[in-house]
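Order of writing sets the labels: A, B, C and D. Residues in every chain begin at 1.
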Amino acid sequence: MAGSPAARDHPLTRASFKQGHQRDPMTAPTDPIQHFASDNYAGICPEALQALIQANTSGHEPAYGDDSWTAQVCDRIRDLFQTDCEVFFVFNGTAANSLALASLCQSYHSVICHELAHIETDECGGPEFFSGGSKLLTAKGENGKLTPDAIEELVTKRADIHYPKPKVVALTQATEIGTVYTVEEIRAIAAIAKRRHLKIHMDGARFANAVATLNVHPSEITWRAGVDVLCFGGTKNGLPVGEAVVFFDKALAADFAYRLKQAGQLASKMRFISAPWLGLLDNGVWLRNARHANAMASLMAERLAGIPGVSLLFKPESNAVFAELPAHVASALRAKGWRFYQFIGSGGCRLMCAWDTERETVERFAAEVRALCAST
Amino acid sequence: MAGSPAARDHPLTRASFKQGHQRDPMTAPTDPIQHFASDNYAGICPEALQALIQANTSGHEPAYGDDSWTAQVCDRIRDLFQTDCEVFFVFNGTAANSLALASLCQSYHSVICHELAHIETDECGGPEFFSGGSKLLTAKGENGKLTPDAIEELVTKRADIHYPKPKVVALTQATEIGTVYTVEEIRAIAAIAKRRHLKIHMDGARFANAVATLNVHPSEITWRAGVDVLCFGGTKNGLPVGEAVVFFDKALAADFAYRLKQAGQLASKMRFISAPWLGLLDNGVWLRNARHANAMASLMAERLAGIPGVSLLFKPESNAVFAELPAHVASALRAKGWRFYQFIGSGGCRLMCAWDTERETVERFAAEVRALCAST
Amino acid sequence: MAGSPAARDHPLTRASFKQGHQRDPMTAPTDPIQHFASDNYAGICPEALQALIQANTSGHEPAYGDDSWTAQVCDRIRDLFQTDCEVFFVFNGTAANSLALASLCQSYHSVICHELAHIETDECGGPEFFSGGSKLLTAKGENGKLTPDAIEELVTKRADIHYPKPKVVALTQATEIGTVYTVEEIRAIAAIAKRRHLKIHMDGARFANAVATLNVHPSEITWRAGVDVLCFGGTKNGLPVGEAVVFFDKALAADFAYRLKQAGQLASKMRFISAPWLGLLDNGVWLRNARHANAMASLMAERLAGIPGVSLLFKPESNAVFAELPAHVASALRAKGWRFYQFIGSGGCRLMCAWDTERETVERFAAEVRALCAST
Amino acid sequence: MAGSPAARDHPLTRASFKQGHQRDPMTAPTDPIQHFASDNYAGICPEALQALIQANTSGHEPAYGDDSWTAQVCDRIRDLFQTDCEVFFVFNGTAANSLALASLCQSYHSVICHELAHIETDECGGPEFFSGGSKLLTAKGENGKLTPDAIEELVTKRADIHYPKPKVVALTQATEIGTVYTVEEIRAIAAIAKRRHLKIHMDGARFANAVATLNVHPSEITWRAGVDVLCFGGTKNGLPVGEAVVFFDKALAADFAYRLKQAGQLASKMRFISAPWLGLLDNGVWLRNARHANAMASLMAERLAGIPGVSLLFKPESNAVFAELPAHVASALRAKGWRFYQFIGSGGCRLMCAWDTERETVERFAAEVRALCAST
């Protein structure tokens, strides 16, 4: 049995990855693979890599964020949101979400989220761990989105000390199924949150994709709409590693630096975590990357929509397409080496586009689907 | 106040870092700075950077460690230690130590360590947090090292349920003050650990430096000497980010992958964390880097030893030199832009050499010390 | 607002308790109240109180359980179960369940339970807190009971490290809705637990009532049926305070005494927690108490069943009756001072009988229901 | 091996307790034993027992503190301190201290206490556990007492995020070695706490003894002197079980009821925990009990002081006497059945007096010491 975490990873994806292990990784393949398993299968975008390399040319730099690169990126993020805010860098999304939530509630509090939220389904209890036991209260909701009514119902369901007291609403923007909250939807949730004294956390692992979709200023769907803290995703947008936690309510960030340090989320050579953000933020690369991924998903949806036997499961509003494929088609695609997540007991396939997905790859995939569907 | 963690960083170092903020980080300095504050001020070594860049050329790769790079590095580490072992990658040393310790004890257990151990003095309670409250029992000990007798005393001091039960001995190799445990010293500690049913954890943030000093096979000071789990430091050895947790007792690694995931330590684009290790492990770069840092420290010690008014505080056995400088000399050095840690209320200065410290820098520093001492 | 926890207690019950505050508590009422809110509204049964008083006559006694009373009760419980087992005393049910579960799983593990389980609905996240974040995976199930199939589904739903790994099945015996697992049902669950490497925890807050209902030896529904650890309820059976945690798998109890101490669950004057158990265990008082409570519930069910407009919601198998009363009848009963829990948005009423519930009280209540239903 | 916690209890006391196990506990001894091991070896004082019995005469009562007894005791405690405050009842001192501290700090904060403080030495890491990892920073200090200077030193020692940030000063009143902080000493500590933004927690397991010694109003050494939260000890003062947590700064008690519930510290039949307090608080029994215990300690000190070969180790200011006895004398006393704690590697003996210690017992003990010393 392999010693790496890899060996016990997501079983849904395991079978199709066997090939990868055969390649000699030190030899650059002539034809880099771009499939649809996840936007975190993508590499580092050129601008981010360039900034990382650049950060390595200045010799020694103070550690733990006291370097000039980190200061610069923090300022750039404040500029981006057009407000003063506290910015921290962490290594991944589980840490970003878990630590942000932990700063908003105590162990005997609870967090309201959608039943499909990443914090509920894919962080192995990270939010519960870092908060010391806070409970996630899940709600159903169309298109993977929470509604004010669902929140109100969960808040008012119990008001006794035998059940954790709701303190936070956690939104995912864009959602796990590729939909996007509108400005109005977030504001409506913020109104009920205000009335019920709930803080609003936004899991923005794909925040860039949502901004690209809505075509609004980033502030419009964050602090101007009532969001207290944003986990601003970098990895899926083209970074090698790292997310930013942005506190719009600065009071909530009190001693957060200590929390990060204790939680093993303070990089010593911080500049290699922060500098790549410059590559994304300069010249709007982050939005360009997101728009491209979204466009590829739109293209995919368009191509698949017309194929007999294929149906789209949700309206693709960001960089994911969920499509129902005939089971034998899905199998055949996998056999041909295509990679994508499939959900147990269903023919539902998630096709995720990334900053680097090429139009040609989408067209080729869609053509194969069309051919397979036709040949049945 | 700046929003980044930087603003609240180690106060000892703050004053001297002001200059750094003036430089335009996007402009490569003609003369990269190499000072003596810490080996985590150094950059990425060329081989590690090259491997990272290389890992970005193969297109999409499975996430969470199920990529070919990660598998390869795990095997390389097993080869290095000449034994089957479980290997996991985490983002930094606090996480490595805290999670390794948490896998060895429950909240009502305790960990025996030296009073100068990093887990006690510089991880902001990380070990206590991740273990749910395990207590660190500290011992004094010459040269920053634990002794069998000190361990025995702590184990036998209490045996009632009103005090946490010792379960782990944590060694730092090389120690915080630059000394190194010999093979014999570790074996002697392992003997008492065996008798008292304690596991042995090794904080190897500077493991490479210790191996270089002792000139032994890495297995000789780890599993062959009784170590159960090693936190194998990569960052200080030339990586951008990341440490490896190596379980020689594989049973202790049961479900450790879940622990990592929950703790926010599982990288999604894992190959950018793991691949740089290839740069270190191929062609013995890790040892070359460590030997160089050690050699620079030896040179520094040699040069300083002969200067009237300067005395060395500990025997420099790895890449750190602790020297007592006249207070005005230390001040003058800082004023000239040299960076190093000074300990409160004393003239003790820590001069840390890195994989990239240049002989010329050492010579120039020592010359300045000599001149300043003479001019008093 | 009152400073005591009382002021923020279960809101469902608050309104009806106002009267209680008017009475002078130092004056024994001529007519002690016996209503149907909860079996933990009942007092101390005479035999338990007598044992407590007796334990106060022997002068000083060693603290923390090293007294003769505690040793005696532990032995008595071993005799009761006809097996060697480890016995610990804690202060309440939340502590018993939470600490037992914490000893069976790590923070990244999960516990399978019914969606109505007390650990899920009424312990304010205690299990999550004490385990450091373990997730409760809830299943639906008729009559408030888990089934092997429901467990199998939850165990096999996910097998990746992004979701907590199931480690424990938690059964409640008798269940929250007054039903009872048969010996066969427990054995069937144990079989699937064995196959899936799950431990079995039994929340026996009303274990006595279940034994009384099934009329089997206590061992038949615990260790002989595959239960690893039982939280044996004392409070609802007639104690002033306290539950016993009984580990049939003694290996699971390793260092549990440390866990209790750290968790604030080790009584210093332990004999006042343990000795009252003698009152229950001697002469089978615990079973007599349970049989009486069960009989009163049966009587209540019988009386209510025949009333037009009233329907029973579940088959009453222990000491609870769940009945659907017309809303105005429930209101009228409350107005007359009767106390019972009502579930939000429904006319469902829980009528809980205790060891001291008198036949006359049941008859009087049923008569009032009949009269109120008739007068509509 | 016995299954009860007893079997692994405090080893210092184990040997001498063997006899106790021979007695038939159901038979009231003609001569109740009163020795000097601990004030928690004592029983329930008559007034507390009477109140408990009385609370059992009123039939059913609301659970979880919503009963009339609990409300009454809370008001009585507010009257006692002459201020509005929030009062909560918990089961023991470890829970009281740990939960109070957890409400004052986060996991990355620290608590300053004396190196002999019970929270450091005898709660098995309870404070670390309930706070999620907060570190205890210990100071030395004469007579077991913290000083403003020692606090200032610990607060200013580190100010970087790599070390937990001090948030609380924890005082023990009376201290572990029987001394008592004066009003002035507490005020001086409060002044430095105010300047350094630290909260003040008081472990008052023997608060009554301190009040009795100082002969001041209880408010003078608590909120009037700057204490934020007091753990008001009941068990050692004559209760069967239970302590009160009194928040003078009511804002700090926000959601504390949830914390208690989650932590397994909310009694369901609360009146049996709270009512006994009435027995203590009515007619000043709590002070009478404390004064008696103090007087017995004074008598003991007086009698021992004059014996050649015996020396007192600390000034006995409350109910404990620490005396250095010749080793053979201590052994002989133990052989005769006297129980007291002895500290490893020393002849130091702790002689603790309780509310029920009889003058005759003290005289008899002192006489035996005198005789044994003389016979050497």
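One rule holds for everything that comes next: contacts are C-beta pairs under 8 Å (C-beta built on N, C-alpha and C of every residue); 3 or more make two chains touch, one makes a residue touch a chain.
Worth saying up front: this structure is predicted, and the values here are computed from it rather than measured.
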Q: If you tally contacting C-beta pairs, which comes out ahead, C-D or B-C? Let me know.
A: C-D
Q: Could you grab the centroid distance between chain B and chain C? Build each centroid from C-alpha atoms only and quote it in angstrom.
A: 51
Q) So, what's the distance in Å between the C-alpha centres of chain D and chain B? A) 43
Q | Where chain C and chain D are represented by their mean Cα positions, the distance between them in whole Å | A | 32
Q: Enumerate the residues of chain A that touch no fewer than two other chains.
A: 5, 8-10, 64, 107-108, 123-126, 129-130, 132-133, 161-162, 164, 257-258, 260-262, 266
Q: Examine which chains touch each other and state the graph shape they make (line, ring, star, complete, other).
A: complete
Q.
List the residues on chain D that touch chain B in their complex, please.
A. 5, 8-12, 107-108, 110, 121-126, 128-135, 157, 159-164, 344
Q) For chain C, which residues count as touching chain B in their complex? A) 64, 106-109, 132-133, 161-162, 164-165, 255, 257-262, 266
Q.
If we count contacts the way the header does, which residues on chain B are in touch with chain A in the complex?
A. 2-6, 8-10, 13-14, 17, 20-21, 23, 25-26, 28-29, 31-35, 37-38, 40-44, 49, 52-74, 78, 84-96, 98-99, 123-126, 129-130, 235-236, 240-241, 250, 253, 257-258, 260-275, 278, 339, 354, 356
